[in-house]
Amino acid sequence: MRRFEALIRHVIDEHALSRSAVVYRLFDAVLVLVGVGAAVEATQPDLSVNAVAGCLWAIATVWVCFLLDYLARLWVAPHEGDLTGQSFLRSRLEWIVSRNGMIDIGSVLPMALGLALVDWAPDGAPLLAIFWVSRFARYTTGLDMLWRVLSRERQPVLGVLLIFVLVMLIAAVLAYLAERHVQPEHFGSLSMAMWWAVTTLTTTGYGDVVPETPFGRLLAGFVMICGITVFGLLAGILATGFSGELRRRDFLRNWDLVAQVPFLRDVGPGTIADLANILRPREVPARSVLARRGQPGDCMYFIVQGEVEALVEPHSHLMGPGDFFGEIALLTGGPRTATIMTLTQCRLLVLDIADFRAIAASRPELLVVIQDEADRRLGLMGKEHTPGGKS
Amino acid sequence: MRRFEALIRHVIDEHALSRSAVVYRLFDAVLVLVGVGAAVEATQPDLSVNAVAGCLWAIATVWVCFLLDYLARLWVAPHEGDLTGQSFLRSRLEWIVSRNGMIDIGSVLPMALGLALVDWAPDGAPLLAIFWVSRFARYTTGLDMLWRVLSRERQPVLGVLLIFVLVMLIAAVLAYLAERHVQPEHFGSLSMAMWWAVTTLTTTGYGDVVPETPFGRLLAGFVMICGITVFGLLAGILATGFSGELRRRDFLRNWDLVAQVPFLRDVGPGTIADLANILRPREVPARSVLARRGQPGDCMYFIVQGEVEALVEPHSHLMGPGDFFGEIALLTGGPRTATIMTLTQCRLLVLDIADFRAIAASRPELLVVIQDEADRRLGLMGKEHTPGGKS
Amino acid sequence: MRRFEALIRHVIDEHALSRSAVVYRLFDAVLVLVGVGAAVEATQPDLSVNAVAGCLWAIATVWVCFLLDYLARLWVAPHEGDLTGQSFLRSRLEWIVSRNGMIDIGSVLPMALGLALVDWAPDGAPLLAIFWVSRFARYTTGLDMLWRVLSRERQPVLGVLLIFVLVMLIAAVLAYLAERHVQPEHFGSLSMAMWWAVTTLTTTGYGDVVPETPFGRLLAGFVMICGITVFGLLAGILATGFSGELRRRDFLRNWDLVAQVPFLRDVGPGTIADLANILRPREVPARSVLARRGQPGDCMYFIVQGEVEALVEPHSHLMGPGDFFGEIALLTGGPRTATIMTLTQCRLLVLDIADFRAIAASRPELLVVIQDEADRRLGLMGKEHTPGGKS
Amino acid sequence: MRRFEALIRHVIDEHALSRSAVVYRLFDAVLVLVGVGAAVEATQPDLSVNAVAGCLWAIATVWVCFLLDYLARLWVAPHEGDLTGQSFLRSRLEWIVSRNGMIDIGSVLPMALGLALVDWAPDGAPLLAIFWVSRFARYTTGLDMLWRVLSRERQPVLGVLLIFVLVMLIAAVLAYLAERHVQPEHFGSLSMAMWWAVTTLTTTGYGDVVPETPFGRLLAGFVMICGITVFGLLAGILATGFSGELRRRDFLRNWDLVAQVPFLRDVGPGTIADLANILRPREVPARSVLARRGQPGDCMYFIVQGEVEALVEPHSHLMGPGDFFGEIALLTGGPRTATIMTLTQCRLLVLDIADFRAIAASRPELLVVIQDEADRRLGLMGKEHTPGGKS
């Protein structure tokens, strides 16, 4: 039972790289696409009864799959409770109200309610299938970040929206006053004029309502320019927010990884903070080639988890967590001196050549340690090669 | 009388977090929405006389409320005069010409004038109700910031506008020359061609005027590409401006708050400047839980105003202005060791875990002080827990 | 004669703040607007012969003014030749081929040529009047900056354009294949399909050509999303470029000004470089009040040129180039202690309070010097006030 | 034979600045334009048989040219194999699968296949000529950068796309429910409503489908605002990514160039890293004037490759790789003291005056070295001028 639970937990783990987990994720994605596609198709006006029934059956089937998925996830809900002594029930409850739990219940419950309250026609409960797209939110950290940016830059964003609404209302009143006698069918009331104003201010420009008086057109031109300025303001605010948020995310993620590499832990907090700003994590499946002897090299690697093999013919070396490799090409500027292949699934930290040079300049002590190791390896290689040349 | 004045001042204070002030703000917002909604509704062409009268009455009622609000605000106008010896009248006068004073008079006076000069029909003075939306400007600091950015980046923004106008005029002339014989009803004069050019350059594209000659279409494609480039330029300029302005605003706001925390005042000007760049202020109402024992923690707090209670069962500690808490989870990487609840409305400074690590690396002296306090607390907790375990 | 030349040089100087220079600039702007307006108006199809003649006369008059302006500017063309010994003719020639010279000749010559080659009808040479808008380029440094940014980010901008063209062509071919049998009048050739593709990719969306097949609409949706992504890429590239360019411009401008303030020259190159990054220049006309006693202060000033008067009742002090003022409010956080008024037109460097605090933290030696001067002044003020209180 | 190979290699080198290489690149560009133009023209519906045949012949001719170009490039494919001992065949194979190789085969192979599978009518295989535009990718590094940015910012970009899809689907369902009874021909199915939603969300706004119910219009307004926000988010993310990527590219490129200047190699790694961040490379053809005596100077140059001549009348000095010039104008703030002309094609590193001042402040040791050399040159110039004055 425990092993079965562990298996399920592994399969539904959204970050696992094993074949079964990847297949499960693909299956999840296909279900979503099938469900959404069926919901869209079912509303086609000229569809045969059989085709509609097929669509509805497809939606129902996907719904059942998602229900099973929900129950499975609920069963194996992670409980950090192990350390604080949470009960079984409590950890389940916490998962239910977590973000992922809410998304998953959102795939199942609304349609059941919709079926009970509305009906099971193509334009009834099955329409709720489109919310299944939100299941993809589990696989991207981008949404969290977007949310953080929007909430941090709330004040200026609200300022822009206020400007937007003010310009829209003023434009609507002026257009109403200018055009209502010329085009009463389009500008006959303030709400009609507002429809024109919002269409113009967002530069959508349907063209169903177009001012005709000279003043109206002048006003429209001004509103359009305001529109692209508002747009620019919004882009500017959000660009600023993202800049900080991306840096923060990388810093935090890398800090945790750096803490798992003994060698990096020893170089002092200043250097760690610098490294956490520039390293990039990378997950590599087993038996991938990271560097090929004789090819140019533009980064070095620190191993966080997993094992890699360095093939310096005729020998090969194993390297494990805490080791680093690829530094020789950065130091000499020459090609790779060995072919490196992962033996197991690996989690690596990548140091780009540009960042390597910058940090080597500002943190000479780090360069010294790396240089020493590189010298040791080159010496080793030299010795190995000399007898190798003899044979 | 003085107490009544103080009460009013508190209720209309736009930054107060008390229930009465929040209710008053909501009431203000509802009035604005009612007023604007009534103004829009009153212009519907097929409305009964009674409905129109109802809308006008609603606008009049809201107007009276805003008049009372204005008088109240005028009466309790803040006078920093206490320290420089300003007279009662002078402080009132200064408020009247202040930004908030202008917005408030703008809610009341124009409609009174409009009533006198135009008339009280749905398409007369009541239209001015839409300006009431500007009352929201009081609650956002975003507008000030937008204004500062636009005025600082005046030069490049004007440069972009000049490019915009030049491209627009040249496109209009060329389109006029190319299309006027083919579509005299759309490109028969330069001003008609300018209408097309501005619609195209802002990528609004109403579609009421579309070039038909091959040259005209080539020109249109070029104008569209210019349009998105101009847009990109504008977004780029404003993004740059916002970046600096947001940093400036945070720095100033935090500096003032940091100056109220004795512990932070003592760490030296360099550290204060760094902290002012990264701390984030947060207002928390009374009886909110800031951290829950056993949950992961991703920030620490400095108390600027108010009191919080740390529940380390079976005891609890009070903390007040100048204290900090939440640092243990950051230092150990473990879960929160205590549940923290605000007792009164609090003003806090939040130090995010990413920023904590970065500043701990660059300012080791700050880390030492925080570490010492954390050790003291953990020791205390250990002692408390040992006898607590006995009972 | 020399005095007359100096007068003209002063009046047409585009950076002078004197009344005559400002009036001349306004006059120039009015001429441009009149000329462009007349050119636009003259093409109205239903205009009387007299009105057309009036427009043409207006354009001719403005043209004569611009010719006189050109000759005047040519006469007084600046010759830095004084120091390198350039001849009178050479300095004139250099001005003619300078940017401003080219713009000015562009206001005069093309219309003369156009008159000779085409004719003087509303849709002939007078259309060239729209180029007069480029005269505004003289008054903004924004265009130079835009140009520098575009040329520095040439590579990625070209990359974006290449993507744009590729997506456009592929979309056109696919739409051509999908729609040509359904709408031969709209998608009957590749060039018609390209017209649709460019309209869609720029999100202009005239709506004159709309795909109707399911595949065509799917394609259109994809093209639109590509369109906003291309737009985002462009905005991103230009935002990055502007960020660097704005910093460069401010640094250079401020460095030259800082070099004119003896006090700032003495604080060491590192501090000067920091100051040049944060100071903001400001031109103030004579008899403007820069600070008012008792008001809050959020910046201090360094005088580059001109004289200001500090009114500390009952006395007043004069300050000239190299002096600074307004530092007391920044140091104490209190209100202004004196009213400051310019006596002559002044060029000042403004140090914002946020930047003051940041630089005071990183450059304590600068703070010491400013603090000393502030103490001296406060002491002086105290002494003055004591006898002042007696009288 | 070897010489002929070297000649071809030089002519097709995309970075060479010699006349023959430039002409070849222009010829390549003309071929692409001719081919694409012919493909577009051939689909015109009302074209004579002869014209169509001409277009097809043009395409075929261009195709043959590209085939020859491909074979030539394959023959002279660069083999870094010289140092690692790669065989002739292997280097060819590596070029074939390289990016440039794929683009080149993409110009030739698809059309051959298309001819075999489809037919040689204007709407058949010749349409593939539009892919020839991708040949321009060879000449810009922008595409690589775009790709790197998109792949680095994958997570937030996917988050934005998810939001886009979610908003689009929800808007489509709501519009379908609101409008399907009013406009069954436009909102009769979910897929029709999705067409409207995507058109509105991207602010394209064809205007072929426009909501008519009040709720539908309110929804449309909301969708438009979401659209410009999504746009802003995208621009923000990409702006952030570009900022880092542009810095990285410049740093790497400059580092390699700096390493070729002996003087810069000796100033210490910190200064090199700083310089690599601010220097800008510049390729100059032979016999170009870089600075003209008496003109203002705003940058200095380091020579990486090539020779320049400094004309200080009556003498002239030669300078070669490793030398620098133009520093006197930066140090004195005066005009250029010599006219500098390139003798051969040169590769230079340009240090802008703004960056010069900033680095002189932070790296005084660099300033000292440059100042010494400038003093030496000014001394030399003084001596030369004195006897020069005598003659």
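In order of appearance the chains are A, B, C and D, and numbering begins at 1 in each one.
Everything below uses one rule, namely that a contact is a pair of C-beta atoms (placed from the backbone, for glycine too) under 8 Å apart; a residue touches a chain by one contact, two chains touch by 3 or more.
All values derive from a computational prediction rather than experimental measurement.
Q: Validating interface symmetry: for the copies subunit C and subunit D, is the fraction of residue numbers used by both over half? Same or different.
A: different
Q: Give the chain pair, either B-D or A-D, that is connected by more C-beta contacts.
A: Between the chain pairs A-D and B-D, A-D carries more contacts.
Q: So what angle, to the nearest 5 degrees, turns subunit A so that its CA atoms land on those of subunit B?
A: 90
Q: Would you mind pulling out the distance in Å between where the CA atoms of subunit A average out and where those of subunit D do?
A: 28
Q: Need the CA-centroid distance for the pair subunit B / subunit D, whole Å please.
A: 40
Q: Where in subunit D do residues touch two or more of the other chains?
A: Answer for subunit D, listing residues that touch two or more other chains: 191, 203-207, 231, 235-237, 239-240, 243.
Q: Per the contact definition, I'd like the list of subunit D residues that touch subunit C in the complex.
A: 36, 39-45, 123, 127, 130-131, 133-134, 136-137, 140-143, 145-146, 149, 161, 164, 191, 195, 198-199, 202-208, 230-231, 234-235, 237-243, 246, 293-294, 296, 335, 352-355, 357-358, 360-362, 364, 367
Q: Using the touch definition up top, name the residues of subunit C that touch subunit D in the complex.
A: Against subunit D, subunit C makes touches at 80, 83-84, 86, 153, 155-160, 162-163, 165-166, 169-170, 172-173, 176-177, 180, 184, 188-191, 194, 200, 203-207, 210, 214, 217, 220-221, 224-225, 227-229, 231-233, 235-237, 239-240, 243, 248, 251-252, 255, 269-270, 272-274, 276.
Q: Where on subunit A is subunit C touching in the complex?
A: My answer: residues 203-207, 235-236, 239.
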